[in-house]
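Below you will find the structure I want to go over with you.
Each chain gets a letter, A, B, C and D, in the order it is written, and its residues are counted from 1.
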Amino acid sequence: MNQGKPPFWYSETGTSHEFHNFSVKACLFMGRTAFQDVAILDTYEYGKMLIIDGRTQSAEDDEYIYHEALVHPAMLTHPNPRQVLIIGGGEGATLREVLLYGSVEHVVMVDLDRELVELCQKLLPEWHEGAFEDPRVELLCADGKAYVEETRSTFDVILIDVCDALEAGPALSLYTESFYRQVRERLRPGGLLVVQAMELSGLDYKDHLAVRDTLLQVFPLVRSYTTFIPSFWAEWGFLVASDGPDPAVLSRDLLLERLSARGPAAGPALAAQLDFYDADAHARMFTLPKDVKAILNHEVPPAEAPPEGPSGVS
Amino acid sequence: MNQGKPPFWYSETGTSHEFHNFSVKACLFMGRTAFQDVAILDTYEYGKMLIIDGRTQSAEDDEYIYHEALVHPAMLTHPNPRQVLIIGGGEGATLREVLLYGSVEHVVMVDLDRELVELCQKLLPEWHEGAFEDPRVELLCADGKAYVEETRSTFDVILIDVCDALEAGPALSLYTESFYRQVRERLRPGGLLVVQAMELSGLDYKDHLAVRDTLLQVFPLVRSYTTFIPSFWAEWGFLVASDGPDPAVLSRDLLLERLSARGPAAGPALAAQLDFYDADAHARMFTLPKDVKAILNHEVPPAEAPPEGPSGVS
Amino acid sequence: MNQGKPPFWYSETGTSHEFHNFSVKACLFMGRTAFQDVAILDTYEYGKMLIIDGRTQSAEDDEYIYHEALVHPAMLTHPNPRQVLIIGGGEGATLREVLLYGSVEHVVMVDLDRELVELCQKLLPEWHEGAFEDPRVELLCADGKAYVEETRSTFDVILIDVCDALEAGPALSLYTESFYRQVRERLRPGGLLVVQAMELSGLDYKDHLAVRDTLLQVFPLVRSYTTFIPSFWAEWGFLVASDGPDPAVLSRDLLLERLSARGPAAGPALAAQLDFYDADAHARMFTLPKDVKAILNHEVPPAEAPPEGPSGVS
Amino acid sequence: MNQGKPPFWYSETGTSHEFHNFSVKACLFMGRTAFQDVAILDTYEYGKMLIIDGRTQSAEDDEYIYHEALVHPAMLTHPNPRQVLIIGGGEGATLREVLLYGSVEHVVMVDLDRELVELCQKLLPEWHEGAFEDPRVELLCADGKAYVEETRSTFDVILIDVCDALEAGPALSLYTESFYRQVRERLRPGGLLVVQAMELSGLDYKDHLAVRDTLLQVFPLVRSYTTFIPSFWAEWGFLVASDGPDPAVLSRDLLLERLSARGPAAGPALAAQLDFYDADAHARMFTLPKDVKAILNHEVPPAEAPPEGPSGVS
């Protein structure tokens, strides 16, 4: 009927001078929880999208890239991950990936926003695929920082999968040095911390660099890695920190062996379960081009910084 | 949190070279009925909006202008309107305005789309204000053209309040000469037909003119009138057709008298019930500037027509 | 080639929750003068558009409406306009309309921005039609407020055709009571002041009302009048102020007589020179609907004010 | 002044359901050459951008990524590139990168559109950096296909840097099997062909795959490689084809050696001249994640294809 452009749009702001528009097919939810503005929309290009405070968290068609990239480098670097902590990750897809490991005995997932988790449980089954029902899962709707301060448990892998560190917002305290110090206390020997860490490219890196530098105050080894995520229209950065194990130097042979040896207690090996991640994806993500390495080495003069990027954490 | 532009937008296309964007606060409904795509959104600028097939039907904050302009010129020109037919008008606001007349004994409202009417009944109480409950109302969810062909009833005023006549769509048959001939058969002596008739300005008039010319094949007297409707970002046209009574020459004194004398059986006079319409509004709407009169007189050469306006009906 | 939407757009912001997009065919100028950001774009829908500080000043296809509405009500109300002052009006189209009167002996046009005037002279011949060459014209590139303070000349009609009164910007001082007092000093007996005065509709009126109320501090008679201007996607307000002559009560017969009797020294009468303005357009513009009158009478409670309208002047 | 969003935008369409908006600071050129619509805009986020037929060709701030990725893998795989042919590449930046090799004796650059090349020479000095003045360069404004058919010259490296293969447009014939057969005739022994080859990610690959499959009809060895380019908001694909030399298996040691040994006749080695490309960037680009390899191996079922991607070439 209407021959023009489609009528309903989700418009994600990059800076005040750049934005990206997604045409909306259906609105599954739009409202405010106690903590944040949440929308779950079905889009023509990327399927369902979860949007918090106006920013894409993940999209049905490419969340496999984001969640496999977040989870598997650390999980495969660890010799035998049994206890895992997820902070955030309301969609349940980080949980889903962690549960692929038969070695995992217990996963604590701490998300601040119960309403959000319930919306995801109800409306995003393609993400969690029933992960919340797994008996190994302990779901806590609580403040991640308080949990880490108070718990006596320790973990092999800790995954921080929360909203970007913007100037305000509930996730801000989860990007601080004091928080990372407490997280480090909760890692078992040989344990690894993973943090989703915003855009990282030769042009857009300030937020990532701020988080990376904060982690370097706490951990002797911090690695940045990146992959392109289409619905984020960006190369996305992740950080893995530890007192020793280093995903960047994990041998290809060992990685391949673990991809074959690990997996669900029943069913095909991990290698057969994944869509994005394999030994090549691992190598690609940890092998950064010259401009990005220069940024991480602080060789880029301040004048090169984009003038209007959202401000970081430091 | 997100300091950029708001994330959710309804974008109404004018032509492929012009569109208008409304920021969305909440999504009350988005889906497809048996006949059309329907959305009911809450917007920051105009309150709730009803959108069909990507085009605004009416908005909470200024629907009073549209519906008062549609209903009262004909109702006040008629000496004693008792039987009224509304075709379309799913929001119930045309009905609401008609029911303000104590003289009205019976209103038949025929809307094709039962699901749409039920959505409006549930989600747009600010429009209908309970009008559907009035015992004088007979609501039929049926094809307006078939109803007019088959009914034996006759009416003092017939109001056609349906979607714009685009190249396709359920309303197309309601803009044809054959339909208007049947409508004329259903008018009582002295009766008037009103048709919502799309934009009418010195720059945008093709659709209105096509409908006006079609009506002139059937009725001896056809008047165009217009008013600005903010949420339509346009000067909107209406057409009133009859075999005699002419709203354009109704005397101001008679109009004022009727505004005082008419109204609900109980309660204040009509004059006190209206927000937009009064004798001045009536005079303004029927007094057209030189460029618009030239268009209606077919004095505007074809070369002046906008190159990409949506095509008309003829 | 590119089958999507056109690539280049001028997006005019209404509020942070509403904007309007015009597809751009060509860019004739984009840059900054000493005073303001100026763009002259050719658009598909409205021809060339002059845009200052991101806001449409006028468009080729409908500037006739704006400029005829601005100039003729006051010029025809005055019994014999000979001396005219224009403040602003860089496009030269206000000047063009004033020069249609053979009675006019001298027009002083004072525009702050010489670069803007030169751009308009060069790039907008459809607007000025050579008006700047008329020997009756005295063009001054100077501050309008300073000119009015310092000049000893007096005028029959003064037209203020400057940018909207926003919180900042060069035009701000031209919307103050002190300025209007000085303007009144420069009016000859029977003289009239006209001010372009922003949107005026039942939903959008705050800026207009602020200017109107300021004028009422200075002049005994102030009239608001409005007309729809398509490229402004708005009903536009104008104000005429005087110590006596009242365009709102000018008789239709006298208006028709003057439209026939006045005009260029050589050539057809004024009535034949105009596209928008005639006696009906005059009547329409000064006959306001009930909601707008209620606003002008301060009957509208503050709660009805739109939440995010641009702030006014007061 | 205007506190809303910026007024001028370049909107790049992905599909009818996705687009990306860049705020425009200045318009350096907007018009049509004999062959295509060309715009050169200065943007706030990416500096100057060259836009042809509504699609970004390259942007000042990240063209180094695109052009280094296009040129160096093949140039460094070749043992001694002396004769180079560039088809397209109007910006002059592909030329700039090729001229970094002291071994290069002669570069023929064939671009269809003389007006475009002249615009780039004048307005994009940051791209070409004077490359057109190098005495080794022979610039021909001619049809690349005709040139390849008619020339008797042969080349060590041929770079095809033309607009995307859309359904129509001047570049279409440069994506055909017959053209690639002629190109192969013009390669010297050990020569390599490089083709810029549109998006390549797990979600967007149809155009790339079509070009890859066409090349496989002609060349025994065809490699896809990719890198993220911010202003393209995409992971971009390139193709290198040859009868033997394979950039994907070039040893890291040999690559490092060549980066040190090669470079301008006078001045620092190539390794010191590049901003994006180094041995890690090379490895990253040729190491593709699992989903992309599955696409290239035709393991992805048709149902996975995005429903509205722009159609390919086949």
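Throughout what follows, a residue touches a chain if its C-beta (ideal position, glycine included) is under 8 Å from a C-beta of that chain, and two chains touch if they have at least 3 such contacts.
These numbers come from a predicted model, not from an experiment.
> Which chain's mean C-alpha position is the greatest distance from chain A's?
So the chain farthest away from chain A turns out to be C.
> With over half of the numbers shared counting as same, classify the chain A/chain B interface as same or different.
same
> If you fit chain B onto chain D using only Cα atoms, how far does it have to rotate, to the nearest 5°?
So the copies are related by a turn of 180 degrees.
> Taking each chain's centre as the mean of its CA atoms, how far is chain A from chain C in angstrom?
Inter-chain centre distance comes to 55 Å.
> In whole angstrom, what separates the CA-based centres of chain A and chain B?
One centre to the other, that is 51 Å.
> Per the centroid of Cα atoms for each chain, what is the distance between chain B and chain C, given in Å?
That gives a centre separation of 32 Å.
> Mark out which residues of chain D touch at least two other chains, giving numbers and ranges.
In chain D, 5-6, 14-16, 19 touch at least two other chains.
> Residues of chain D touching chain C in their complex?
Interface residues on chain D, with respect to chain C: 1-16, 19, 24, 26-27, 30-31, 36-37, 39, 51, 53-55, 166-169, 310.
> Which part of chain B faces chain C closely enough to touch in the complex?
Against chain C, chain B makes touches at 5-6, 14-23, 43-46, 61-62, 64-65, 201-204, 227-228, 230, 233-235, 274-278, 280-281, 283-284, 287-291, 293, 306-308.
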